[in-house]
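Heads up, the next two complexes both have chain A, just with different partners, chain B and then chain C.
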Partner chain A sequence: MKRFRGFVVKEFLHIFRDYRTLLILFGMPVIQLILFGFVITNEIKDARFAVLDLSKDETTRQITEKLTSSGYFRLDRNLNTYNEIEEAFREGEIQLVVVYEPDFARRLERDHVANVQLIGDASDPNTANILVNYASGILTNYLLSMNAEVIPMKIVPETRMMYNQELKGVFMFVPGLMAMLLMLISALMTSLSITREKELGTMELLLASPLRPMQIVVGKVFPYVFLAFINACIIILLGWAVFGVPVRGSVGLLLFESFLFISMALSLGILISCVTNSQQLAMMISLVALMLPTILLSGFIFPVENMPMVLQWLCHIMPPMYFITAIKSIMLKGNGLFFIWKETLILIGFTLFFILMSVKKFKIRLS
Partner chain B sequence: MRTIFYIIQKEFIQVFRNKRMLPIIFVLPIIQLLILVNAATFEMKQINMAVVDLDLSGSSRQLTSKFQGSPFYRIISAPFSYDVAMELMQRGDVDVIMQIPYGFEKDLIKEKRTQVQLIVNAINGASAGLINAYSTNIILDFNREVLIEWLNPAEMGGIRRIVTETSYWYNPRLNYTTYMVPGILVLLVTIIALLLSGMNIVREKEIGTIEQINVTPIRKIEFIAGKLIPFWIIALFELAFGLVIGKLFFNIPIEGSLWVIFLSAGVYLFVILGFGLLISTMTNTQQQSMLVSFFFMVVFILMSGLFTAIESMPVWAQRVDLLNPIAYFIKIMRMVMLKGSSFADISNLFYALVLYAVSIISLAIWRYRKVA
Partner chain C sequence: MNQQPIIIVKDLVKKFGSFVANDHLTFKVKRGEIFGFLGANGAGKTTAIRILCGLSFPTSGELSVAGYNVYTQREKIKQNIGYMSQKFSLYDDLTIFENIRFYAAIYGLSKKEIDRRTDILMKKLGLEEAKKKLIRDIPLGWKQKLAFSVAIIHDPKIVFLDEPTGGVDPITRRQFWDMIYEAARNGITVFVTTHYMDEAEYCDRVSIMVDGRIAALDTPVALREKYHAKNMNEVFLQLARAQKTEVL
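Entry: the complex of A and B
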């Protein structure tokens, strides 16, 4: 036990001596959270649009004015002919063109119907779709106010946004960011720190020491459990203090799930280091095979339900998805263990599986 | 000149000798391209709904069947109390609850005004916005049908309408894949280039072989060039490979000319490789170098406009983004591949990249010291 303690102390010293790594490890969650909170939004603001007004009357001027004052759009320029649309799009700044037909106001008064064309630059289909929807929403509202006296029967939809009234993007990102950083610190850092000993040749020394292999591995990962846990707490605290992301459920349960996920990631990191010999390789495997799926196949940014079936199955064999679902449920919905026992069990299962695999693959001798 | 050639040869031998590294460099990106391009979609496929109908009238049933008829909605439950529906949402089974209050039809006829409540699960703000917009549209549509059914044409005549015709250029079916492929290609090339170069010199430092190179008569600039060029070739090859895959499997359009794509890619890769080398010269272990690269990469990627529009970021962030090489290149790739922009259209972005490449490589050469 005393030997083991000595080993763990050595590992801590290794980590604390490397102040650059420490700085990044603790600076990263802060900077990324701020990025997610302030910079990365799906909200549309000040999208540039152009107007091709073939009518140039009071009504079209009013509609354009309504579009501009909504905050979603900014009028970039007025076009004169259809041919200018193509050019405007190709330069790359304009995302929407609004075309009013000739005699717009007169037709609206006389025939009670007038045509407007919305052309979106769908080389970015997502934004184009949202912009066109917003613009037609603004048109509908304008019409409603015009028709206010004439419409005799109205059904008014009343919407309540549950769990996240202001539709803040950061609510989605805090759980995802936790998954990403815990995965990074736990899986990536441990796999690197073990392969490093192999690469430098010091693993031989360790194996020849009276420490048992099990103790070496546990001693190696122990400091990272500690670091990962502190990082998880920093993210939760910052999210709460700066962006108002609540923890509606029990904090204990939240920490327990984080701990479970950390153990899972660590055992995965150990497994990776068992099958690789160079840091470069370990890093490539961790990064390419773990990080991108954690970011994209976990419901972090893109909802799992929207993916094709095959990919949904793939998501279901990725541990981060379960973790993200579980902590979202605890933090945002305030659910207890009763609602997330399935996710918890699956995470435990993954952990055991990875540990068993690494025990099988672990070699005491170097080739 | 011959020295550079030997260094290049050495680097190539080292890369190709590593049997496990090769598949990672070439195969994994392709698999990822296939998977991730399909995963990265905001498009709503199905909205799960619970309807709490407290009115149980003809109108309320019509409204419900209106939702049933929409291909987006699946009504998975129709409980008689709000609490039951809420528990379904709590468990994550439904995305939206529609509650039709008691007296819905009566109010519509008598008061000429009635209400419907929509309760949306808003954890994902973007989806919630879309669900709300879709649902509101269906309700307004229903409203219009009711008017047509119950009013005589004379009363209808007073209502003015604006007919909106929408068209989506360059991608009429709003196929998200088309949009993502250029971006993900950029991403994969970047990851490979940055990590390979970022860990390269530092690896020699860690293992100690850098000292052997330091005592040779090789000059700084030759050494750096010899380190850069192999990865530059590998990354360009990978881009070509990715383009072919994109063409074969996703049938993505390549509207613009290939030489504009590769010319910008060549310059862009020098920026990324220079960045990697700079990191490499400033760190001491591979772990450090990896962390630093990862940190910058995540920041650059998130701010690159790949997933979210740059225009919707705050102004200070857009200024910071002027220093983000990935943002430039993604913009170039999208413009050239999807819209067929010519070199003249992208020349500003291109020269910015050239400037970037020159400065960062000079910085890397200046930082590299031939002493241990």
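Entry: the complex of A and C
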């Protein structure tokens, strides 16, 4: 125990001496959360649009008025000919063009059909899609309000978005960011710290000392459990204080799942350092093999259900997806262990698997 | 006085796949002697030293180190030996003081004992002023002396030095050997590998390894006489050449 304590003290000395890395480790969650929270947002506000009104009657004027007053759009300019559309897009400031056909109001009156064309700037497909949908919605609403007197019946859908009423993007990012950072700190930092000893040749000395291999590994991992845990708490607190991301379920369970995920990532880090001998390689493996899947194949940014089948299978063999599902369920839905026992078991399974693998590899190396 | 040899090696064989790194090594090291393990790079010195330190398992052979069995009592062995590798492995980002304390701690010394020995060591090496310096800021010669002092901080029965003088200037090397003599006088058996033949003269006995086998083992004086050589370098060259012609 005395030996183990000496070893852990040394590990902490390494970490605190390298204050730059420490700064990055603790600064990163804060900066990333703020960036993700404020910058990446799917909400549309004041998108500039142009109108090509070939009818210029009361109805088209009212529709344009509706669009502008919705808060989503801001009228940038009026166009006079079709040729100007392309030009307007090219300047890059206009994201949507609305074209009313000639005699719009009269055709609506007479034929009950009038055409309006919505042209989006699909060089940014997501935004174009959202804008066109919003505009269609406003058009439909306008039509409904006009026909209210003509047709006495109408269906009024009342929508409610459960668990995230305002559709805040940051609700998604907090769990995803936690997965990403815990993975980074735990797997990357441990694998680096172990391979560094190998590179320096100090690993030999440690192995030749009375410290048991198990003590070395646990001693290496111990400080990072600490750091990762603190980081997880910072993210949760910051998400709650700045962005109002709730923790509706039990905080204890949330911390438990985080702890489980940290252990999983740490055992993965140990496995990486067992199969590599240089810090560079360990870093490459951690970044490419861990970070990319955590960001792309976990449901963090892109929904898993929309991916091609093969990628969905890939997602299912990566641990982050389960962690993100589990903590989202706790934080947003307030679910208890009963609803996430499957994810929990899978994470435990991954952890055991990686530990077994590394023990095996470690033994091979020694003989 | 205990006449039982402190290291007994009988028919040690270590294979990596089909490559035989140690081919039936047999030797004994007496208590308190400075035993030199000589050979060219790749002759199998490091492999043998790693096995004796419990860093790697032998393929076959009977070995006992400090009275303990290499196969079954590795933990006991580790408690009783010190090891210094070719890289003078200290932690660059820790201070001299922290490095000493760390190694003392992992060998299980008590807090009081750690303080006492750290003080003695600092005075002996004249590093009291520099104890807060980071290892990366001190010269190679200091590092080497420090690495050696740290390897024997727990008063081991044997200290294994794997090419401890690589890359160090001749004067520092000489000073380093003074430290080795002092350790030997204090009853620590020194097992040292080197490929500097002049250092072989400083050893009580040397074994010369060529291609994984022990080609000769005796005191430097006896070896020089036997091969009618002026110095150890000639002895070594004769042995290495003999091996080559044998292979051809």
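Couple of notes before you dig in:
Definition applied: the second predicted complex is superposed on the first by the 353 of 367 C-alpha atoms of A that agree within 3 Å, B and C clash if a C-alpha of one lies under 4 Å from a C-alpha of the other, contacts with A are read in each partner's own complex, and residues count from 1 in each chain.
What we mean here is this: contacts are C-beta pairs under 8 Å (C-beta built on N, C-alpha and C of every residue); 3 or more make two chains touch, one makes a residue touch a chain.
Fair warning: this is a prediction, and the values are worked out from it, not measured in the lab.
Following the overlay on chain A, a side-by-side fit with no clash is recorded for the pair chain B and chain C.
Touch criterion met: A:307 reaches chain B, while chain C stays clear of it.
Of the two partner chains placed around the shared chain by superposition, neither chain B nor chain C is touched by A:220. In the superposition on chain A, A:18 contacts both chain B and chain C.
In the superposition on chain A, contact is made by A:287 with chain B only, not with chain C. When the two structures are aligned on the shared chain, A:200 is found in touch with chain B and with chain C. By the touch criterion stated above, A:160 is placed in contact with chain B alone, chain C being left untouched. When both complexes are overlaid on chain A, the residue A:127 reaches chain B alone and has no touch with chain C. If you count the residues of chain A touched by chain B and by chain C, you find the higher number for B.
Note on the superposed arrangement: chain B and chain C approach each other to a least C-alpha distance of 9 Å. Chain A residues 18, 200 lie at the interface with chain B in one structure and with chain C in the other.
Residue ranges of chain C in contact with chain A, taken from their complex: 50, 53-57, 75, 78-79, 81, 83-87, 89-94, 98, 101-108, 110, 160.
On chain A, the positions that touch chain B within their shared complex are 18, 20-21, 24-25, 27-28, 31-32, 35-36, 38-48, 89-92, 95, 108, 112-130, 132-133, 136-137, 139-140, 142-143, 146-147, 150-165, 167-169, 171-172, 184, 188-189, 192-193, 196, 199-200, 276, 278-281, 283-285, 287-289, 291-292, 296-297, 301-303, 305-308, 311, 314, 325, 328-329, 332-333, 335, 339.
Residues 2-3, 5-7, 9-10, 13-14, 17-18, 200-202, 204-212, 366-367 of chain A touch chain C in their complex.
By the touch criterion given at the top, residues 18, 20-21, 24, 28-29, 32, 35-36, 38-46, 89-92, 108, 112-130, 132-133, 135-136, 139-140, 142-143, 146-147, 150-151, 155, 157-172, 174-176, 178-179, 191, 195, 199, 203, 206-207, 283, 285-288, 290-292, 294-295, 298-299, 302-303, 307-309, 311-314, 317, 331, 334-335, 338-341, 345 of chain B touch chain A in their complex.
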